[in-house]
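Chain IDs A, B, C, D and E follow the sequence of writing; residue 1 opens each chain.
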Amino acid sequence: MLMTALIAGLVLGGTYALVAMGLTLQYGIARIMNLAYGETMITAAFAAFILQSALGLNPIADLLLIVPGGFLLSWAIYALMMRPLVTRSRDRGALEIDSILATFGLLFVIQGVLLVIFGANYMSYSYLNVPVSILGANVAANRLLALVLALAIGVTLYLLMTRTRWGTTIRAVAVAPQSAPLVGIDVNRTARFAFALGGALAAAGGVVISMYQTFTATSGVVFTMKALIVVIMGGVGNLLGALSAGLILGMVETFVATYVDPGLTLAATYGIFLALLLWRPQGLFGKAAR
Amino acid sequence: MTMRLAFGFSLAAAALAALAFAPFYVGPYQVGLLIGLAGYVTLSSAWALFSGPTRYVSLATVAFFGIGAYTVAALNEILPYPLVLLAAAGVGLGIALIVGLSTLRLAGVYFVIFTFGLAELVRQLVTWYEVNVTGTLGRYIFMSFGPEEIYWQLLALMAATLFVSWCIGRSRLGLALKIIGDDEVVAAHCGIDIARTKLALFALSAVIITLVGAIQAPRWTYIEPGIVFNPTVSFLTLIMALLGGANRLWGPALGAVPLFLLFEWLSANFPDHYSIILGLLFIAIVFILPGGVLAFVERALAHSKRVTGNAERVREPGTAEARQ
Amino acid sequence: MLEIEDLNLHYGQHLALDSVSVTIAPGETVVILGANGAGKSSLLKSVARLVPSDAGSQIRLDGRLLAALPAHRIVQEGIALVPEGRGVFGDLTVEENLLLGANPPRARTDEGERRAQVYDLFPKLKERRRQAVNTMSGGEQQMVAIGRALMSNPAYLMLDEPSLGLAPVMVTELFLALDRIRKSGVALLIVEQNVRVSLSIADRGYLIEAGRIVGADTAKALLNDEAVQRAFLGKTDERG
Amino acid sequence: MSALLEIRDLTKRFGGLTAVNGVSFDISRGETVGLLGPNGSGKTTVLNMISGLLPASGGAIHLNGEKISGLAANRIARRGVARTFQLVRILPSLSVEDNVVAALAFGKKRLWDRAARDDALTCLERVGLQGRGSENAADLTYIDQKRLELARALAAEPSLLLLDEWLAGLNPTELRIGIDLIADLNDSGMTVFLVEHVMDAIRALCGRSVVMNAGMKIADGPTGDVLGDPGVVRAYLGDAHA
Amino acid sequence: MKSASRRRLRDVFLSAGAVMTVLVGASAHAQERETIKIGYAVSKTGANAGGAGITTIPNYQLWINDVKEAGGLELPDGSKLPIEVIEYDDRSSAEEVVRAVERLATQDEVDFILPPWGTGFNLAVAPLFDRFGYPQLAVSSVTDKAPEFVERWPRSYWMLGGGEDYTDALATLLAEQRDAGTINGKIAMASVADGFGIDLVTAARASFEEAGFETVYDKTYPVGTSDFSPIVNEAATTDADTFVAFSYPPDTFALTQQAQVSSYNPKVLYLGVGVGFPVYGEDKPNAEGVMSLGGIAPDNESNMAYRKRHKELTGQGPDYWGSVITYASLQMLQEAIKRVGLDRDKVSEELSNGTFETVLGETKLEDNQLRTLWWTGQWQDGVFVGVAPQGRSGASKVKLPKAAWQAQ
């Protein structure tokens, strides 16, 4: 039972981590608090659903189409909507408020478009819903895929961020954007790239989640909030932090559900999150330095 | 100055009286509109009471709103109505003090997310309690009074909130809040007890919000966590206050009234494209009116006055330097 | 040759720089002297394109117009700025700050060599190369900032109040290092309050007052100029 | 008469790093004392502990014989300690006058309304900001912001004034005005404790100086003697000033 | 200071002016009767949009379309009046739905108001329907208190039964299977912590106990739970042959998938809302044998024709529980208007007492409640058929134990 709970928790945490990593890039590096993040995911989920049901494409293959799509869409959103706000904001606080308000609007727009196209129905298809046995515990292959993807993306990006000049420039923008031009970094381009990369990760998360979770045009907010919690827990802009915080949350939920009461899983999530915030306001792993 | 003050007050009193008599002249739907308006003006003004000067953006509005509603649902058959309201205010106050004490260390986005998490936590705990202890989830509120009475109560609360807000703005407490909003370190070194000041305002704001929830609850007959802990309430409140300008007495009201009417108009005329239009409007507002409606109005006024004001402005620094 | 001609800069209504013209020849060291708020920092920031100058202002490097370039392109042209407050990447290590310094393409060749030069100039940085910069003292951070600027292989190095907030022993060390940099052939444009020390390593100096250049001369002449002495080298010791 | 400020074995640790290590010294009423030392030697940390911005990890601070270490900053302020900050901290969204009223309304005087405004004007006049009360504090020039910060500190009528590099960044003319201002304050009976790198100012103002290096006190005595101390020269001043 | 107080003054005028404009601009005006106005407020956005989008909105659209195609609503004199539809989005907010209904009643002065989606929202607007004299054909609300509500609001009609009805039927059905030796006497149970889940699980505890079942696992999970592996794994370790979950659609889908992954195949698998969605079971072999609330009689031709039309018009099939009842309730309204005209009191009376021919077959309310419902259904060969009450005509025979999961 313990092993089953442990593995189930890790697998669930993989989903949370996958969802949160894009947001941590967008908020930590591009400094956009993107409330429409979940809507990006849901859009990707719908795209996967359409490609799967209309064209019969395999959702894994969908990733190859949808992830670049998420990148381009987010790239355009940053260039058109966020850039003017970044330019005009005097300080981080002003940008935070502006980006909250603007992406709140964007959330409604995307949601509205999805509602018009798809209606308010529950969408569900299942893919790779086959058991895989790990150390005696059966987990769904699609959820395992989320965990593997989260680990792969998390570790790869972490290595790129810390071991390459390219990654170091991105971190430089995260920690001191005003100084970045002094070493020839185009802050706008870097931030736009980070935002777009975050969008690509959101799209990847959306596709994977659509394989096993029922979704509607309006369910994006749930993902945004979960992702926000993981991001703050892990430390803003910190990829490994998001990965660890996601896994921890998954374990907490599973253990509470198994050993305490499934009715308290979400209460436990928020309780732990709030306690952690009070104990370490900067998050488990501090700020954006890695 | 005092003349103007007296004039301002009598004008406000007249407006209040007109609003109080409105239900006799308009239909039930308009009363419903007025309830919504009074509710959101109060919510956003109460929100701005704390969050405006301190710049602590709170998303816990619905936590207190819901607590108010739930208290009424739980007690309406046990206690007389005024006591029910009093109990709601007490519960709100207690929770606000606990939360306030524990969140004083947090700032910026951490406070934002904390308060959001708090609202969800309260919702989960209420749900869990109802499911496991009382064994029911929905509760019924059958009250003997109608929407007019709800409206009058809200209107009175709204007037009280604005009056309190006006008083605080002119008081030492108001200045303390502005200083805290600018720089907490300086505030402490000026001798301000930051913790107590923030706590007092947070509690006051929370109690008002709790009362809004308590007063509005009988309108829905049936209460369940999904209905009263709807996070939209927190977001709307925040956006109305920010839109109007959270640092000014009438700012939140000026954000709440047009936005509320806009929502109403949009949902009536474009039910299918409501979200899209609303979203686009939002984005447009952020781009066209940075700093809120009131700031925009003020800037427009300042612009038209510039011609006369200029002469004065130029002289001031000159005299200062001459004396140096 | 870095030529600044007719540079105007407005902050809103306020005119911060008024037809400022300054030139620096390759390898030269020039000091800008002036009171707080006279526009010294604004001048450096305009050259670095961190603030947009008014239309019509001319900033040319070897005949190329810089005004059309965005801020991040300036360092590639060979002009590096050490801003007031240092502007280092505090959460990153010394090594990473230097790595970022060599980010512009012009700095990529000989990167290793230049790193060795920087470590030679500031041996303390080598000892602490894996330390996060914000855990270091102000003087050491200033070294990181200068080292980072040097990593970009600049022809012109601009420094904004490099001695601000440093202990006297650090100031001495700092100007010794700047003197070595000067001698290696990098042109220096320094804005300083510490007039005596800065003029001691400079070739020429400009006086700026309320956004206007009000005087220019060789460093030696300025050190002996009575008006300069009165305004900047005031003998405050009298009281003590 | 006992000392105004007594500092005993004051220690501050940040994680593994000991920023201030067992520092003790006294300041008598009416003195102007300089606190010198290389960057990172712990000077500002000492100031921060006196004003209550940072809690001490060990040791004690007494003001007028009463223990103030462990108290919150606002309580220490009300007992008559005022300060300025290394990086000037004005209240940008308030008017110049309200910046000063801030200190009057909540300090030990607790003035409000007319009385506070009158007092504020006096303080502004004292630092040369007369007639500027209605301007936005954020619009002031750097030097005027420094003045305003000082006016705010003065408004509290502190028995102990802490200045953290208040003279840094001033040009010689401004420096002279600044030094005169501090000297006047001292003449009027205020005790001043200042962290400063401007040697001319230290020499001009401070009868006594305390020097720190690497978190420890390395010298304490008449300024002239202290500046000639070989240890101080080596750690702080460098050979040029010897 | 002067300008500041003038500014304040101006603000007061501005806000007061804004209110007055709306109040005046919104005042109603009468008009000649050329149409019949039908209004409704329903959750097109927000948390309830998913449920409303399945059960309520498509059926309103279908019915409106049908009426328009028929040339309007027929009146007792045989004449037909076209309908004019006013719809609002309540944005899943109780305050909005209340105000929208007030608006429909007093502002738009519609002739009839169709109810919103959801138990809570139907209760929120019930006092208004009653106050303004509109009949309320509350479909998407499951409540045991229906008899009380009918007393309180005589024009309210409760069409989907109460929790006890469903759980009693289930308990009876399970008891028969137990007595026949198909299953053992133990039940594992989970429920969503929301009005629906709690109402049903509370009723189920009583029903199961009365029927002599032992509940070996009984847990409640919060709305929004996405991972059901702990619940399914725990239930799998019990020796219960029956797994019952009073779940919402996302949970229902997730529970099904998790059961497959965990190779948990209880002899009886009974899940909540969502099993009756076409997407759950049509062309999905793995749905075979799964049970839930609702169902249809496969031999009811008018019902099957309705399903076909629904799919053609809205692009999606109706669910097997509330949809058909929603449509039937509209047919009842239509028929009542045809019989007695637009007088709302008379229509209400007719709804209470009349017998109607609908897609459900012959339909008659008892004490303002629809009692001829399929309490339990089961997927059999790609159709979700009603299996309880057994005695009702068109009932299918329940097939237990449930088939094994098939590899996908």
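Assume contacts are C-beta pairs under 8 Å (C-beta built on N, C-alpha and C of every residue); 3 or more make two chains touch, one makes a residue touch a chain.
Source: prediction; values computed, not measured.
Counting hops only between chains that touch, subunit B reaches subunit C in a minimum of 2. Across every pairing of chains, the maximum count of C-beta contacts belongs to B-E.
Among the other chains, the CA centroid farthest from that of subunit B is the one of C.
Taking the mean of C-alpha positions as each chain's centre, the chain lying farthest from the centre of subunit D is E. In this assembly, the C-alpha centroid of subunit A lies 34 Å from the C-alpha centroid of subunit E.
Note on chain placement: the centre of subunit A and the centre of subunit D lie 48 Å apart, centres being C-alpha means. Each chain gets one centre point, the mean of its Cα atoms, and the points for subunit B and subunit D are 41 Å apart.
Taking each chain's centre as the average of its CA atoms, subunit A and subunit C sit 42 Å apart.
Contact with two or more other chains is made by residues 44-47, 193, 220, 222 of subunit E.
Residue numbers of subunit B whose C-beta contacts span two or more other chains: 124, 127-128, 131-132, 272, 274-275.
In subunit D, no residue reaches two or more other chains under the touch definition. Taken together, the chains touch in the following pairs: A-B, A-C, A-E, B-D, B-E, C-D. Every residue of subunit A that touches subunit C in the complex is listed here, in rising order: 165, 168-169, 171-172, 175-176, 178-187, 287-289.
Listed in rising order, the residues of subunit B touching subunit D in the complex are 172, 175-176, 178-179, 181-183, 185-194, 316-317, 319-320, 323-324. Contact residues on subunit D toward subunit C in their complex (touch as defined above): 17, 36-40, 86, 141-143, 165, 168-176, 179, 183, 197, 199-201, 203-205, 235-241.
Touching subunit B in their complex are the following residues of subunit E: 1-3, 5-12, 14-16, 18-19, 22-23, 26-28, 44-47, 87-89, 91-96, 98-100, 102-103, 105-107, 119-120, 123-124, 126-127, 132, 193-195, 197-199, 202, 220, 222-223. Of all the residues in subunit C, the ones that touch subunit A in their complex are 48-50, 70-76, 80-81, 83, 87-92, 96, 99-101, 103-104, 132, 148-149, 152.
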